[in-house]
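Here come two complexes built around chain A, the first alongside chain B, the second alongside chain C.
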Partner chain A sequence: MREKEIDILKDYKYGFTTDIENIKAPKGLNEEVIRFISNIKKEPQWLLEWRLKAFERLKVLKEPDWQKPKYPKIDYQELYYYSAPKSFKEKPKSLDDLDPKLLETYKKLGIPLQEQKRLNGIAVDAVFDSVSVATTFKEKLTEKGIIFCSISEAIQKHPELVKKYLGTVIPITDHYFATLNSAVFTDGSFVYIPPNVRCPMELSTYFRINASDTGQFERTLIIADKGSYVSYLEGCTAPMRDENQLHAANVELIALDDAEIKYSTVQNWYPGDKDGKGGIYNFVTKRGICKGKNSKISWTQVETGSAITWKYPSCILQGDNSIGEFYSIAITNNHQKADTGTKMIHLGKNTKSKIISKGISAGLSDMTYRGLVDISSRANNSRNYTQCDSLLMGNKCGAHTIPYIKNKNLESNIAHEATTSKISEEQLHYCQQRGLSQEEAVGLIVNGFCKEVLQQLPMEFAVEAQKLVGISLEGSVG
Partner chain B sequence: MREQLLTDFDKIISDSKFSNNDIEHKRKSLNKFIENGFPTKKNEDWKFLDIGRIIDKNIGQLDFYNNYSSQNKIDTSIFVKGLEHNKIVFVNGRIEKIDLKHEENNKIEIKEESKSINKFNNINSLINLNNALTNKHYTITTKSGYSLKKPLIIYHSTTNSIYKKNINLRLDFKLEKNSSLKLIDYFYDDSNDNFLNIFYSFDLAKDSILKNYKIDHKDNKNLKYSYNHIDQSENSLSETFILSSGSSYLKHEINCNLNEKYSSAFVNGILKLDDLKNHEIKTNINHLNENTKSYQLVKSVLGKASKAAYQGKISVNSIAQKTDGYQLSKCILLDKTSEFNAKPELEIYADDVKCSHGSASGSLNEDSIFYLMSRGLNYEQSKELLINGFLLDVIEKITDSETKNLIKNTLGLKE
Partner chain C sequence: MLKINNLNAKIEKKTILNNFSLNINPGEVHAIMGPNGSGKSTLSNILSGKKGYEVTGEILFENKNLFELETEERAHKGIFLAFQYPLEIPGVNTNIFLKTSLNAIRRAKGEKELDAIEFLNLVKEKAKNLKFDEEKLNRQLNVGFSGGEKKKNEILQMSILNPKLSILDETDSGLDIDALRVVADGVNALRKKNNSFLIITHYQRLLDYIKPDFVHVLINGKITKSGGPELALELEKKGYENFN
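And now, the complex of A and B:
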């Protein structure tokens, strides 16, 4: 039965495509493959050993099974763990080859034609030159001493930084998917902001030249040195074509004294079709540590895509007076499932955290907020505020809230609130009376519901995300 | 533990008059328990109160066999004064007295049965243990249209003649149409290091009302587990109040099924702990039909080295439209060694519902203490006044005024 399911998933248009001829590691997960990946990337010996150690650990680990969305068993021996970026040969020749539904969405989002092509890996002509744009940005960054490159490049050029910080937030002894990533990660981003530098622009994978095809095991490492500030954007509002079905990325953030990292994600990977066939499994481990005093990490996420989203961007508030924030919108439609939330671990004194989570489920989908607030006995005078609201559309979907609240400190306060509701008939009626169509009315109300989170996004992103929220829910009412 | 269990089980079986079928069923439950053992914190439901470890560390080898042939003396001084009531008295797990003098004949019926019941298998491993080792159970039926004139108090008392014993108790309550029952569970322990495992099931017919108040206030070093299963029919109402402060370890679990429309459930609780005590309230309210309502309020005050947990779950079935569910847990930590854990859960599959939960924990408000002290109270008095006010909020939810006063007196709260 399960095999059959996987077969169906494989056939799926945006799912696995394995008939490629270019360089790739042999199929399966074993020591050889790991050596192969490390070798092809010309990695130093310590990193290879680190990967192998993770692999040893992986052998004894079991896949977690406590999550709400269940998925067919993944055969890890059937996956390819490394393949070089595809040549344009195998990619779609023109936009006509694409799913018309996808094109329609692009149109609604107002994405330029060239951009649509780029997103789908279609060869773009010289008029649209993202490379030159990126180069100009790069110069500006180098001037300030900011390192922004792929992690493979960083391993070659800045091994001391990578060695010092890699795996300090997500150790190789972590849970199954994080350890799997540690063993076989292929590429990702690396950011280092030197002391007292305020990064002059929003950094985005979009501007990194070789950002495409980082593979399913992405590894991102962001270090903000003393007194620095960086805002990092990940993902894109436009639906992304992707060959890999399982995504197990690791993201590590490190904020030293007085530093601030703002990490924003918009995730809109293919969610599968109306019947829940296909779609991407997004099993990402994101964790940040406020290592220094007065540091701050803020996660903002808009999750609308993927068949299964399973992630908990977390903050370890180690430094005194450090601040952790989590703002999230998760929208599920059709057969999508999301189990997302955050962990706020208060270790330092006077630490503060704030969690705002908005979940919207429609169709036959399932949305879960799962979070942990843990105030340790040493974290005197700490504060947490959590608010998670869910909006349900129809009685075939589910919305769940599972917060864990642990308080071991006398001087600390935790407050948690959660509500569940639906869009009221009165609100809809009011909007429709004023000339909005039903869908526009729903879009408006939902945007109002999400406002608190949307306004945390960087300006350009926020406008697109707002449109995306409306589009994700199309056809779910009435 | 395995050998001990098996020999004690054989002793229990030889003492009683079970049919072969029942013995078979009991043996199955026992095997299931042996397979899983006492729950530990690896089990999500027991995350905050690791019974397996507590038994290992504090009690050690338990004795599962109780000799019920000889009578125990009833200590009448433990009876609640100033409140006329009916009584059922358990001493060390043996029923010693049934007194229903305030009620009409034949309107309330207590039947002793030694037949095993197949319902409620495998809820958790402690219920399996209960199913396997209870030698008899009691069914208490309130006849249709009858309301008890006075509350029924069930005294669960233990004497110091038992030590390291496991006592299993099973009571089934049936509330027929339009009946009402006020039930007070009063725990009074003079013993230490025993494990009491109490399982109640309630079946509420149409328009019936159940009020169950549990009072555990006397300091003792026992470990207790109390499981209430409630099934509710149309327009029935259940009210559960828990005052938990006496035992060393205590877990209350309430599983309530709102099976038919207009049924409602109220769960309120106070956990007032000190001195290394570890208590937990776990609720599971299942809204299974339209227009059902639930309300939960749990407040804790935690002193030195104590630990409290509240795991509340509201689940709403997809047909249970117009559900109204509310859950609030609040906690005051009084000492730097105290700890509060909460897991207020919502699981919702219907869209036209109003469900919310809230949870807050922290220390006493310094501003309020300052206010009171500036008006002439000393620090201790101010603290007490604030705690009393905090707890009174829950006590005011009790709808039965006689019981409300009893609980106020027990806690030493003044009007």
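And now, the complex of A and C:
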């Protein structure tokens, strides 16, 4: 495989740098780089054209600037848009080569040793438990006609599905970062659940042994055909150190008649150090469409990492009686900033949406909930319920709630509730008097505050998320 | 067990405790009675490790300097405070809080932590003794509890943690006569030769049910008189004014 790629590169007339150990497109964003990516991935012509169309569009788009967290200007010509998996030679040889602090966090999270190695790209033995596990999964899924693979593989093996749905929820003209992603995305996940199939297990990037490392422009496409059900888990709960600054992923969900998609995320990218140096800009576009009647899409997110989190997982409720849900926990500490929430667009009749948002800010951080509930004139008898709770720790952080409400239908109604509270010294003292350390006390109180959202997570994820909540706030008091 | 020598405490430059001294031996029950603002709650706050006070003097608990121990370390060593105003912690199940607390203390003492079943058996037995509605243990900690339920919950926690020194800060305030009995039963059940109690109260009423070994009158941050149980009755008759 590697040799073949190199052969392609040799033939490639634009003379990109090739290196046995490392295949990288040159720096910068231009048509040639996009052709390079498409070529190396052996994509069909239509996809290349699709990418180029996005790139054309990108030229006239400007980065949005209405968000609360500001960031230094990104020089898009200074970034690499394609970098093949680095060879094992460049990767850490063993866990001993890693930052001990990282290992300590793994230990607290209870992540198995093999998994720790995989997360850091350490070469693992051929006899790796997860491999056989993954294979067993694959057989079981194939039996039911479920497709679960990387999007690159799907483009090769199931082009008709990809072509039919890619970009139908997030059009290539959408907004700057989504369009950028469409032009240069490198890999991601693809899921297709056939009609009337209930996916027998939680699908997770955790179990998908990546054929290649997905880059900073990830693309995920999930289609639940009529009457099907799938629960998808994204992200690992371990912190990933990453040299890339910008993460601009696109995630599209499509639920047909009577189908249900549950999408859970635990995001813990590197948040930068205590002084706000470094960290990831997590500018992600996530959108689902309840295309069919009686369909349901439910987003659950636990956002603890990244220097800046800027995302609004949204639902377009097109089918009559469809349901959209958004459960969110966002935690910012030190200098982290988050501007996150959701958009619920009610188009069909009898559509319902529910938004539960829990924001926790500590240190010098700043948190904004921003949400849109839009009930169109045709969406008779539709309902929204929104609950936004903010918890402040200390008096140097900020919390803001910005709800946008548009109701164009007299039969429909929207309810919004919001609270802001603080962890009191008295609560901490009470817990400590009962033998809990200050950190345990904070973890307990914050987990209590987030309970309604944590309950939405699949069992094994919920346990890790709970621990993560505690770890994210370490050192935030006293 | 507890030796307080010449304790002075100030908050925002205002003197609250003034050369306060007290000695509690294992197995003894001491009652501190005093009017509003006499420093009773400050005493329990300082013993439990609450920050924000400027203190001088000495507090020894089993010959260890209490000022060198964090709040949770004092709890690990066996100091328990039944709060005057127990805190609400929304979203945290009462049972889970109790189990986390018990296991944190057991862990610190090097004892085996209780698993869910062992814990539930223990809590069931204790709740039954205190006529505490078990169903409430599945609710959020103190959220929506009545004043009496909150106080009973404190006594339940005390009986589960089995501390060496229990400080009851006006636990009797706002309790009806039935609840008062339950609290007293809880204390009396824990009375052993190694367990001591410091009962802080306004009223003599609670002492009808918990017979103290010593009664102290606290006025303006200082013990003005000490005596046996009969002192409480005398106080009730004469009022605090006559002890200043």
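We take it that the second predicted complex is superposed on the first by the 448 of 478 C-alpha atoms of A that agree within 3 Å, B and C clash if a C-alpha of one lies under 4 Å from a C-alpha of the other, contacts with A are read in each partner's own complex, and residues count from 1 in each chain.
Basically, contacts are C-beta pairs under 8 Å (C-beta built on N, C-alpha and C of every residue); 3 or more make two chains touch, one makes a residue touch a chain.
Keep in mind that what you see is a predicted model, and the values were worked out from it rather than measured.
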item: Room on chain A for both chain B and chain C (clash or fit); value: fit
item: Contacts of A:412 with chain B and chain C, given as first, second, both or neither; value: first
item: Contacts of A:432 with chain B and chain C, given as first, second, both or neither; value: second
item: Which superposed partner A:420 touches (first chain B, second chain C, both, neither); value: first
item: A:404 touches, of chain B and chain C: first, second, both or neither?; value: first
item: Contacts of A:449 with chain B and chain C, given as first, second, both or neither; value: second
item: First (chain B), second (chain C), both or neither touched by A:394; value: first
item: Chain B versus chain C as contact partner of A:377, first or second or both or neither; value: first
item: Overlay on chain A, chain C to chain B nearest C-alpha distance, Å; value: 16
item: Interface residues, chain A side, partner chain B - complex; value: 66, 377, 390, 392-422
item: In the complex, chain C residues that touch chain A; value: 48-51, 70-72, 74-76, 80-81, 83, 86-87, 89-92, 97, 100-102, 104-105, 108, 140-141, 157, 161
item: In the complex, chain B residues that touch chain A; value: 44, 318-319, 321, 331, 333-363
item: Chain C-facing residues of chain A, complex; value: 424-427, 429-438, 440, 444-445, 447-452
